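I've put the structures underneath this note.
Each of the two complexes below includes subunit A, the first together with subunit B, the second together with subunit C.
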Partner chain A sequence: MNGCDVRLEGVRYAYGAREALRGVSLRIGAGEQVALVGPNGAGKTTLTRLLVALRRPGAGRVTVGDWEVAHKRPDEMAQRVGYVFQHADHQLFARSIRDDVVFGPRRLGRSEALVPGVLEEMGLAAAAGLHPYDVPAPLRKLVALAGVLAMEPCVLVLDEPTAGLDRVQRDRVVSALQRRAEAGVTVLAVSHDLGFVAEVAARVVVMGDGRIVADRPARELLYDREALAALGLRPPPTVEISGALGLRGSPVRTTEVVAVMGGIRWKQMPE
Partner chain B sequence: MIGYVDGTSPLHRAHPYTTLALSGALLFGAFALTRPLEVGLLVLTAVLFAATGRVLRSSAQTALLLSLPIWILLFVLHGLLGAEPRMAFGPVALSVPGIARALVLGGRVTAIVLGFLTALATVSPHRLVEAMTADGVPFGRTFLLASTLTVLPRMRERATQILEAQQCRGLRLGGSIVARLRALGPLALPLVLGALAEVDEQVLALDARGAAGSARRTALDPPPDSRAQHALRWALLALVAAAYAWKFWRMRG
Partner chain C sequence: MTALVVLERVTFTYAGAVRPALADVSLEIAAGDVMAVTGESGAGTSTLLLVATGFAPRVVGGTLAGTRRIAARRCGVVFARPWTQLTGLCSTVRDEVAFGPASLGLPRATVLAAARNAMETLHIEQLAGREPSHLSGGELQRVMVAAALAMRPDVLALDDPAAELDPEAADALYDVLPVVAAAGTGVLLATPDSERAGRVATRAVALASGRIVAEGSPAEVLTDTEVARIARAAGCPPPYPWDVPSLLRRVER
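For the complex of A and B:
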């Protein structure tokens, strides 16, 4: 499925007296991959919840494609936006992992043909018959992601998708998102993991105190040490390594670093 | 709204035992006081109790909502089956003494519920655990009590999160009764399974931190008590005892 563009115009949202979003305007083009970073309480999760109609803005406008989100229910938004929650346990209920992944497509009246492929992609094919609560918490997180991928949304919104995952599981998530990005799906990922951000995002939006404080291409921001330090962030390992080795082309993804290093003619150091 | 609400009211600041004693006095008082005037005073006291805790609106709303089925049952039961004389209310003739009886019983139930909800809203589980720890109550009992007091708000929060997660997967909550019943599975199962998994982890974590040990624990921040509050608690106990004595004396007379 092709991506949809996402627009927020002058959006405000408050939890009682506390303003979580203070006039946020953001446009994410169809098929764009954006990471949303910032400290806890900056308004990141609130912003993403507006996209699936779980929250209604106090002021401003939110649209996904040609849909005005204010006029939709969350179950209607599920036709376009796939939302992966930070706590996967909140959505798993079926007797088996396979049944749980099938739930979304079935509810939306979509084909279930994608399900085996998605299970394979997440490394869950062998465990598909198990009860979701019989597998460890990180795998449950992958089940939740698989359930959303099987819905074929045009926008993928992920809240801390790599928290608690080991290296192999994290790589699976990265690969899955890269494949969706290639297919033109719009991706918005909330993350504190800049290594993950470097792998999947072309653009980074930084939030602070309910506002957007920076919005730059990932490659540019991740190499701007001063800007990152001012935001309380550190460059991801790929950028640290590239900087230390003086690699050309500002590579940020692991594959890019490996490709650049592959072209280097290494000199044997004298013993 | 059921559960603790942060605040600075006199009930919030009082020693947890004092607030619980007030709530307990309302509960036992409701069993001892049965005449219309007494029940009227009891309801008024429950309202004052909630107002003192600055939770009158939310607690009264919830109390009325919770006791509404009982009110309906009482009016139907006593109004239709009560003794003569009867008064016509539209097409039905209701028993006047039956209605009076229903009002008294309903008032007692509402006073109990309102008192309980006010105590829940104003007694901080943390302060109660600290007070009990300072008194040397074993950890297992304090933990059980604190868990009981916090279970409702936690379950409510979790239920909201599950509801949102399932809606985002296309689950529609409205529609026919069959559709609503079908929606129960995706909502109830994660709630129960998640709560069980959480309890399991919590018990292991507590065991690992030596919670099962028998040594007396130190209360780090016990709530301040005073002679006046101590005296008030004894006075409440005496008042309840007097109410029961009055009830039995009247029964004998």
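For the complex of A and C:
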């Protein structure tokens, strides 16, 4: 499914007296993959919730494609935007993993044909008959993502999709997002995991204290050690390795780094 | 060092479960330890924390076989989902952190000092007046660690304590653990983050299907890092380097 663009113009939001968003303007192009990073409390989650009408801005305008989010309810926004909460427990309620994943497309009146494939993609096929709360929390996170993918949204919004996952699960999420990116889905992922950002995002937007403080191509920012340090971030392992070995072409993804490392001769044992 | 918890061939099974979540686990936790516990999701890392601190089966039910001796007077646990631990009774972070020591019946001045010290240790003094239910996930995770620390536990068990944290806050939290351990606490740290754990842990165990499959120094056990995976994919022969300096030492120049 083709992506929609997402726009925020002069958006403000406050929790009581505390301003969480202080005038945010951002455009994410249709089919673009953007990571949203920044310290805890910067306003990242608040921003994402505006995109699905879970919160209404105090000022400013939010649009997804030609839809004004202000005129939509959360269930209407689900037609276009798939939202994966940071904590899967906020969005799981059915009695089996399969029922949970089927719920979205059924609710939207769409085909359920994708469900088996999505369960397989997330490594959940064998567990599909289990109650979501009978599997470990990281697996529930994959159930929530599967439920959203089964709806074929044109925009995917994910809040810390890899937090708490082991490496196999994390690889599944990375592959799933890379496939959706190739299919032209717009992706906005909040993440502290720059290794994950390197795999899935072409552009990185950095928030701080309710504002956007940087907005750069991922490949450029991930190699800018000084800029990262100023943001309290370290380069991902791929970039650390690339820098240490002087690899060509600024690779950021694991596959890119491994490909460039092809000519290396290894010592058999450490000194 | 004094053993605070001793597990000898312990097997633990949750109520209604067919297979045990922990099988034949022997482990000793002493004051001063920062023990990293690693394993894939479902390997039993969270269960080991609950068993070692006495919360399983006492609180969560299930059956325990084997020998367990807990010499620690007080064990603190911070779960991977910190919001489940909010008291729901406190309107400020300061009160939330003070709730534990207050519930022990300590004098007011001692309670306030314990809460203040714990908040300083976790660098969350600026959150003291905030409403706990309005905190971000990362802020709340630090508040819950402070709340556990304020009770001055002999054993502090942390389940993926940086899952919600930004990298700077995660580094800061991990840096606190050796300090806490040096003050005489045994720290148990379940985490998928081998890189950070490797920097602070004194010992490590790896679990798979509820069993200990590796035990030793962090360098021996915490080998499943991103750097190791990349080195393996790029054709490096084992043992795989776990960080960038060790990778550089393996490259023929």
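One rule holds for everything that comes next: the second predicted complex is superposed on the first by the 262 of 271 C-alpha atoms of A that agree within 3 Å, B and C clash if a C-alpha of one lies under 4 Å from a C-alpha of the other, contacts with A are read in each partner's own complex, and residues count from 1 in each chain.
One rule holds in what follows: a residue touches a chain if its C-beta (ideal position, glycine included) is under 8 Å from a C-beta of that chain, and two chains touch if they have at least 3 such contacts.
Since we're looking at a predicted model, the values are computed, not measured.
Novice: Quick check on the subunit A-based superposition: subunit B and subunit C, clash or fit?
Specialist: Overlaying the two complexes on subunit A (C-alpha atoms) leaves subunit C and subunit B clashing.
Novice: Applying the document's definition of touch, where does A:L245 land relative to subunit B and subunit C: first, second, both, or neither?
Specialist: After superposition on chain A, A:L245 lies in contact with subunit C alone.
Novice: Just checking: does A:R107 make contact with subunit B only, subunit C only, both, or neither of them? Give me first, second, both or neither.
Specialist: first
Novice: Which partner does A:H87 contact after superposing on A: first (subunit B), second (subunit C), both, neither?
Specialist: both
Novice: Please indicate which partner A:T254 is in contact with in the superposed arrangement: first for subunit B, second for subunit C, both, or neither.
Specialist: second
Novice: Of the two partners subunit B and subunit C, indicate the one touching more residues belonging to subunit A.
Specialist: Tallying touched residues of subunit A, the top partner is C.
Novice: Which holds for A:A78: it touches subunit B only (first), subunit C only (second), both, or neither?
Specialist: A:A78 contacts subunit B only, not subunit C.
Novice: Across the two complexes, what residues of subunit A are contacted by subunit B and by subunit C?
Specialist: Common interface on subunit A, subunit B vs subunit C: 87, 89.
Novice: Which part of subunit C faces subunit A closely enough to touch in the complex?
Specialist: It is residues 40-42, 46, 80-81, 83, 134-139, 160, 163-170, 192, 195, 224-227, 229-230, 233-237, 239, 241, 244, 246-252 of subunit C that touch subunit A.
Novice: Help me check something: in the complex, which residues belonging to subunit A touch subunit B?
Specialist: 49, 52, 54, 73-75, 77-79, 81-83, 85, 87, 89-93, 103-104, 107-108, 133, 147-148, 151
Novice: In the complex formed with subunit C, which residues of subunit A make contact?
Specialist: Residues of subunit A touching subunit C: 15-16, 18, 38-41, 45, 86-87, 89, 135-139, 160, 163-169, 192, 194-195, 232-234, 236-238, 240-241, 244-245, 254, 257-258, 261-262, 264-271.
Novice: For subunit B, which residues count as touching subunit A in their complex?
Specialist: It comes out as residues 158, 161-162, 164-173, 185-187, 189-190, 193-194, 197.
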